[in-house]
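All chains are identified by letter, namely A, B, C and D, in their written order; residue positions are counted from 1 within each chain.
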Amino acid sequence: METVRYDSVDDFGSHVKRLKASGLARRRRVLVCCGTGCLAGGARGVAEAFAAQLDRSRQAELNLVVKRTGCHGFCEKGPLVVLMPRGTFYKGVKPEHVSQIIERSIVGDDVIEELLYVEPGSGKPVAGYGEIEFYARQTRVAMRNIGHIDPADIDDYLLRDGYAALAKTLSTMTPEDVLSTIEKARLRGRGGGGFDAGRKWRSCKRAAGEKRYVIANGDEGDPGAFMDRSIMEGDPHGVLEGMVIGAYALESHEGYIYVRQEYPLAVEHLQRAIDDARARNLLGDNILGSNFSFDIEISRGGGAFVCGESSALMRSVEGKVGEPRAKYVHATDKGLWDQPTVLNNVETWVTVPRIIEQGAEWFAGLGTEGSKGTKAFSLVGKVKNTGLVEVEMGTTLREIIFGPGGGMLEEGERGRFKAVQTGGPSGGCLPAAQLDLPVDFDTLTRAGSMMGSGGMIVMDHSTCMVDVARYFLSFLVDESCGKCVPCREGLFQMYQIVSRICEGEGTAGDLDQIDDLSRAILVGSLCALGKSGPNPVLSTLQHFRDEYRAHINERRCPAGVCKALITYRVVNEACDGCGACLKACASSAILGTPKKGDTFNIDEAKCDRCGACVTVCKRGAIAVG
Amino acid sequence: MSSLRLVVQPHYCIGCRACEMACAFTHGKDGQVGASRCRTLTVGKDEYVPVLCLQCDHAACVQVCPVEAITQDPATRIVHVDQDRCVRCMACTVACPFGNMHFDPNGNHVHKCDLCTDHGDYPRCAMFCPTRCLSVERIEQGAP
Amino acid sequence: MEQTGPSSFNITINGRRVEAARGEVVLQVARRAGIQIPTLCDHPAVEAFGSCRLCMVEVTKEEWKGWKGLMTACLYPVAQGLIIETDSESVHHVRRNVLDLLLARCPDSELIRRLAAEYGVTRTSFVQRENPDLCILCGLCTRVCETAATSAITTTRRGHDREVGTPWGGPPPDCIGCLGCAHVCPTGHITFEDKGLTRTIWGREFELQRCSDCGKPLPLTRDQVDFLARRQQLDPSYLSRCADCQRRSVAQTMGRIARWHQLGLVQEEAEVAQ
Amino acid sequence: MKIEVDIKPTEQILARYPAQPRFLISVMQDIQLGYRYLPREALERVAGALGVPLARVYGVATFYKAFSLTPRGERELRICTGTACHIRGAPLILHELQTRLGIKPGQTTEDLVFSLEAVNCVGACALAPVVVVNDVAHGNVSVTGVRRLIRTPKTPKTPKGKDVGADN
C-alpha cells in the first residue's frame, strides 16, 4: 500500500484528482449500513456474508466495492443495503438474502421485490433510494456523507470532496476570512442553546490567554437523540475537518472531542480518522505544508448527562468530576484549564466545511430569518418511520412527523397524535394544536419547549403526560450533579410530588406547589440542567392540565399507564383460551385453564401490572383501564 | 504616615499585670471581658517579663498558615489574623516561637496582639503600664 | 467580563451608591458596605462555589431595558452601572424555597431552622428526608481540605445521592487531622474528639504531637506537623513546643537581659521589638 | 471477603498514558474494562501514578455511571430508559428483568453472571425499546422476548428463566 502524505495544498489537490480518476472511484458500490440500529438488527452478519461471497478478485471482476457505512438514518427498517449508483434500496436484509442479492441485483439486473420498502401511503414498493419519501423530504447538509462513505476509509471521504474546504482555507483564506464567513452564515450552535457560533468564536479570539482550545461536544445525552452519534460514527472526518478549520480561524493548536461513554463505535471511528488524517498531514504539525499546526485528542466521557453542559464537560476533560460552574465568566474567556475555549457540538463542526465550501450566502439562504441552515433530528417514538431526518430550519412539526416520519405508528383512537417532545429533559411537550409551528430555535423556545440537540419524540394517546413528566424528573434527579440546592433538592421534591400524582395520591394543592417550586428552580439553579429542569413538567401542565386533574381529582389515568390507577381485565368475549397470558404472567395472577371457552380472571391483588399479558395476547383480549 | 512599635523593657516590670487587665478589657465583647493577648510571666524572685507579639517580619505564624489568613500590613508592619478566613487549624499557636498566638476556647478563635488598631491607635497595655516597661514609639514609615 | 474601563467605580445596592473595584464580586462589595446577604457555602479561605444559592440577588443595569436577572452575589463580578437589589420579592422567593428545601433535608439543623424562620418558613412544605443528618452539602469541608490540606475527603456520587465522604467510606488515608473541615462546617455535621494524645475524626485516629519540653499534647497531629513543615516550608522545630513553653522560654531569656540591666552590664536600653 | 487483585494490568494501562491528572478518567475507563470494576488497589496505584489525591479518584469513580466499585457480571444488561424507549415500554422490560434476575439496577447476580443497569438513552432510539448486552444492542425487545437474553448456557440446571429469580 502506498503511503500518502501531503506536503502542500497542491500535493493534496493532485492526489484527489488522481483518486477521482482511478478505476476504484468508478466502481459500483454495495453499501451495507453498519450504524448502531442496523447492527442491532444483524447488519454485521450481512456485511460478513457479502465479504465471504464477494472476495477481492470477485469484486474487481464485477467492478464493485462492498462498503460498511454509517447510519442511513432509516433505522426502523434495518439492516439496510443500498446498491449504487442505481440506488436500489433493500430493507430488512438478512444474511440469507445476500446470495440472492448478488445473483439477481448485482450480477443480474433484477430487483428483489420482497426486500423493497413499501410506502405506507401508496402501498407500493419503491426501488430507488431517492424516491422514498423518508429521504426525498430531507435536505442533508450535516449528514450529507453519512451512509455514502465507509467511515473507516479516508479516501471515501476525499472522493466526496472531503478536506477540500480545509485546502481552500489554508490556501486562500486568512483566519479573519474564516471567522467572518462563519459570522455571515449566521451559524447557530446545534447543541441546544443555539448560541451564535460566529459570535462565540469572535469573543474567544479577542480573549487574552496563553493558549486557545477547541472542543467538539459529542456528549449527546438527551434521551431520544442520536444525530451526533451517527455523525461521529458515519462521517468522522467531517467533524475533524470542521475543527481544523475552526482552529485555524481561532489560531488554536489543541482540540478535544468529548464522546460519551455509551458510544464506543464513535470513539473507534474518530480515532481511526484522527490517525489517518495525521498520517496524511491533514492534522498535526504544519498541516498540508502550511505553518499552521493543530492536533486533536479524544476524551471519553464517563457516563454523566450533565457533562453535556459545557463547563461540566471541560472539567471532565480535565479529568475531574463533571460539575458545572457559573457562567458569569464565559468559556470563551476562561474555559478549559482556564484558557479561552470554543466549544461547539459535533453537528455544528461538521457543518463548518460545508459553509466554507459553498459560501456563507448559500448557508444563510437556507432556513428562517433567525435560524439558518438545516437541522438534523432523530425522529422516534410512536411514529412509522423512526430514524434520522435532516430538514431545513422552519419546516413545521407536522411536515416532519407526517412527511419523512410517515405519520403515526398505530391506528385507532389510542394511536392518534397527542404530543411531540423536543429538546430532551430541558425541552417540553407540544400538543396537536402546535403541530404547524415552524421548527427553529426561537419558535420552539417561545412555545415553551426548545430545539435542544434535536431529539423529537412523538407520543400518541397511549402515552400518559403525567408519567412523561415524572419520567423526565426521574431522569434529572438521576443525572443532576448535586452541586446546587434547587436542582438537587428541588427536582427531587418535584419528582416526589409528580410521583404522588401518578400513584393516585395527588392533592389539590400539588399543582400550585409545583408551580411555585418550578419558578424557584428555573431562576435559582446554577447551570442549564437545573434552569431548564422544570420545563417538561411545566409544558405538560400547560398543555395537558386536564390529565393532571384526572389523576388528582378522579384518580384516573386516561392513557392507562400509571400502574396504581389502572387494572387489567380479560375480555372473555375476545379470548380464545390459548393460555399465552398465563405463561407470560410472572406473578401467576391470571386464573383459568388454557382451553377454549374457559373464563379467565385476573387477580388484582397479585397482578403487578407489568403488561406482559397484553404483549403476548394476539387477540387483544386484555383490556387496560 | 507613622507607625507604632511597642517597646518592652522587662527590667522595669513589677508584675502588676495591669497590661493583661487592660488588654482583656479592651478585647472584650458584648460586655464580657475578653482574653488577654499579653501574658506576664514570673521568671525569678520579683522578676517578671510581659510577653506579647513582636510583630515579626517573616513571622512563623504567617508562614505556617495554610489559608493565608495571617498577614502583615506592609505599612504598619502589624501582623493581623483575618478571623473570617481562619479555619482554626491551630498551626500558628504552635508555630510562634514566642508563644504569642493564643486560642480562645470561648470565642473559638485564635487571637494575637494587634497593637489595639481597632481601639484607637495607642496600645492599651502601654497606656496602663505604671512603669516604663511597656512604652510606644512612633516611627516614620520606612524606618527600620 | 469587563476588561477595560476604570478600575474602580460606583454600583448601586438597594438604592445606595457603593464603591466597587474591578475584579470584585457583588458579595464582597455589599459586605464592605455593611449590607447583609445570607450565605452558606461561602468562606473567604476558599474559592467561591455558588452551590447554596442563598446569596442570590437581583441584578440589572439601566441599559438592560428593564431586564433583571437573579445572580449569585458570591460569584457575580461587579461592573460599572450595576443596580442590585438584595431583598426584592423574587430574591426572597428563591431564598425561601432554598431554605424550605434545606429544611426538608436537615430538619435538625439549628442554623437552617433559624435562617428559614427569618424567611418565614417554620416547617418544610416538602417531604422530609428519612434519617436526616446535618450535612447541607455546601462543600466547604472538601474545598478547605483541598486548599489547606490534602484533599482527603470528597463529595461522592451525584444528584440527590451526593454525600461528603472518604475513599471507600473508611478512615481517609490522606487526612492529616487538621480539623479544618470540622471548623468550617456551618451546621456542625463534622465531629471530632481530642482525648489525651489521640484525636479522632472521619473514623481515623491520629496521634497528637507532644510538646518537646513539657510533653503535653499540642493541638496538632503528627501528620499535620509533617504536612505543614513540608508544604509551608518551615523547619519542623517550629512546630515542636507548646505556646506555654515557648513563652516561658522567651520570658526566661528576657529575664536574663533584665538582670544584666540591673547589674549594669547593658548600657543601652534593650529594645525588644523589630 | 478479600479478593487478591493482580496489579499488573493496571501498570500496563498506566504505561499507555502520560502521568498527568487529566488522564484519570481514561485510565479508569480502561481499568473498568479490564477488571469489570475498579479495584481499590488499582485506584490507589493510579492516584499515586497520576498525582491525584485518592479521595478525588474515589469521587470520580462514584460520580460517573461507567464505573463500578464492585465486580460486575459477565453479561452486562443495560436497559435503555431513554424517552423513546420509555414510551415504548422500557419500564415493563426493566421490571421483567428485575423480577427474573432478582436484582435491582446497579446490582449483579451473586454468581457474577448478570449485571443490570438502567441507562439513560443508548442512542438507538429508532429500535426502542433497547437492551444492550455487553455492547451489543438488541432492538424492539418485548417483555417476553427479553427472557431470551437471560438464558444462561453457562449456568446449567436453570432451564427456565423463571427459576433464576425464584429464590429472591
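Just so it is clear, contacts are C-beta pairs under 8 Å (C-beta built on N, C-alpha and C of every residue); 3 or more make two chains touch, one makes a residue touch a chain.
Keep in mind that what you see is a predicted model, and the values were worked out from it rather than measured.
Engineer: So which one's got more C-beta contacts, C-D or B-C?
Structural biologist: B-C
Engineer: Measuring from the mean C-alpha position of chain C to the mean C-alpha position of chain D, what distance in angstrom results?
Structural biologist: 39
Engineer: So what's the Cα centroid distance for chain A and chain B, whole Å?
Structural biologist: It comes to 68 Å between the two C-alpha centres.
Engineer: Using mean C-alpha positions as chain centres, tell me how far chain A is from chain D in Å, no decimals.
Structural biologist: Between these chains, centre-to-centre, one finds 23 Å.
Engineer: In chain A, what residues contact two or more other chains?
Structural biologist: If we look for residues of chain A contacting two or more partner chains, we find 304, 321, 478-479, 481.
Engineer: Find every residue in chain D that makes contact with two or more other chains and list them.
Structural biologist: 56, 59, 63
Engineer: Which chain C residues touch at least two other chains?
Structural biologist: Where chain C meets two or more other chains at a single residue, that happens at 155, 157-158.
Engineer: Just say which it is for the chain contacts: an open line, a closed ring, a star, complete, or other.
Structural biologist: other
Engineer: Output every touching chain pair, sorted by label.
Structural biologist: Contacting pairs: A-C, A-D, B-C, C-D.
Engineer: Okay, in this complex, where on chain A does chain C touch?
Structural biologist: Those in contact with chain C are residues 208, 304, 306, 321, 325-326, 328-330, 333, 477-486, 488-490, 492-493, 496, 513, 516-517, 519-521, 523-526.
Engineer: Okay, in this complex, where on chain D does chain C touch?
Structural biologist: Interface residues on chain D, with respect to chain C: 40, 53-59, 62-63, 69.
Engineer: Write out the stretch or stretches of chain C touching chain D in their complex.
Structural biologist: Touch residues, chain C against chain D: 145, 150-158, 166-168, 172-174.
Engineer: Along chain C, where are the residues that touch chain B in the complex?
Structural biologist: Contact set of chain C toward chain B: 43-46, 144, 147-149, 178-180, 183-184, 209, 218-220, 224, 228, 231-234, 238-248, 250-252, 254-255, 257-259, 261-262, 269-274.
Engineer: Taking the complex as given, what residues does chain C use to touch chain A?
Structural biologist: Of all residues in chain C, those touching chain A are 1, 3, 49-53, 56, 69-72, 75-77, 90, 93-94, 96-98, 101-102, 104-105, 125-127, 136-137, 139, 155, 157-162.
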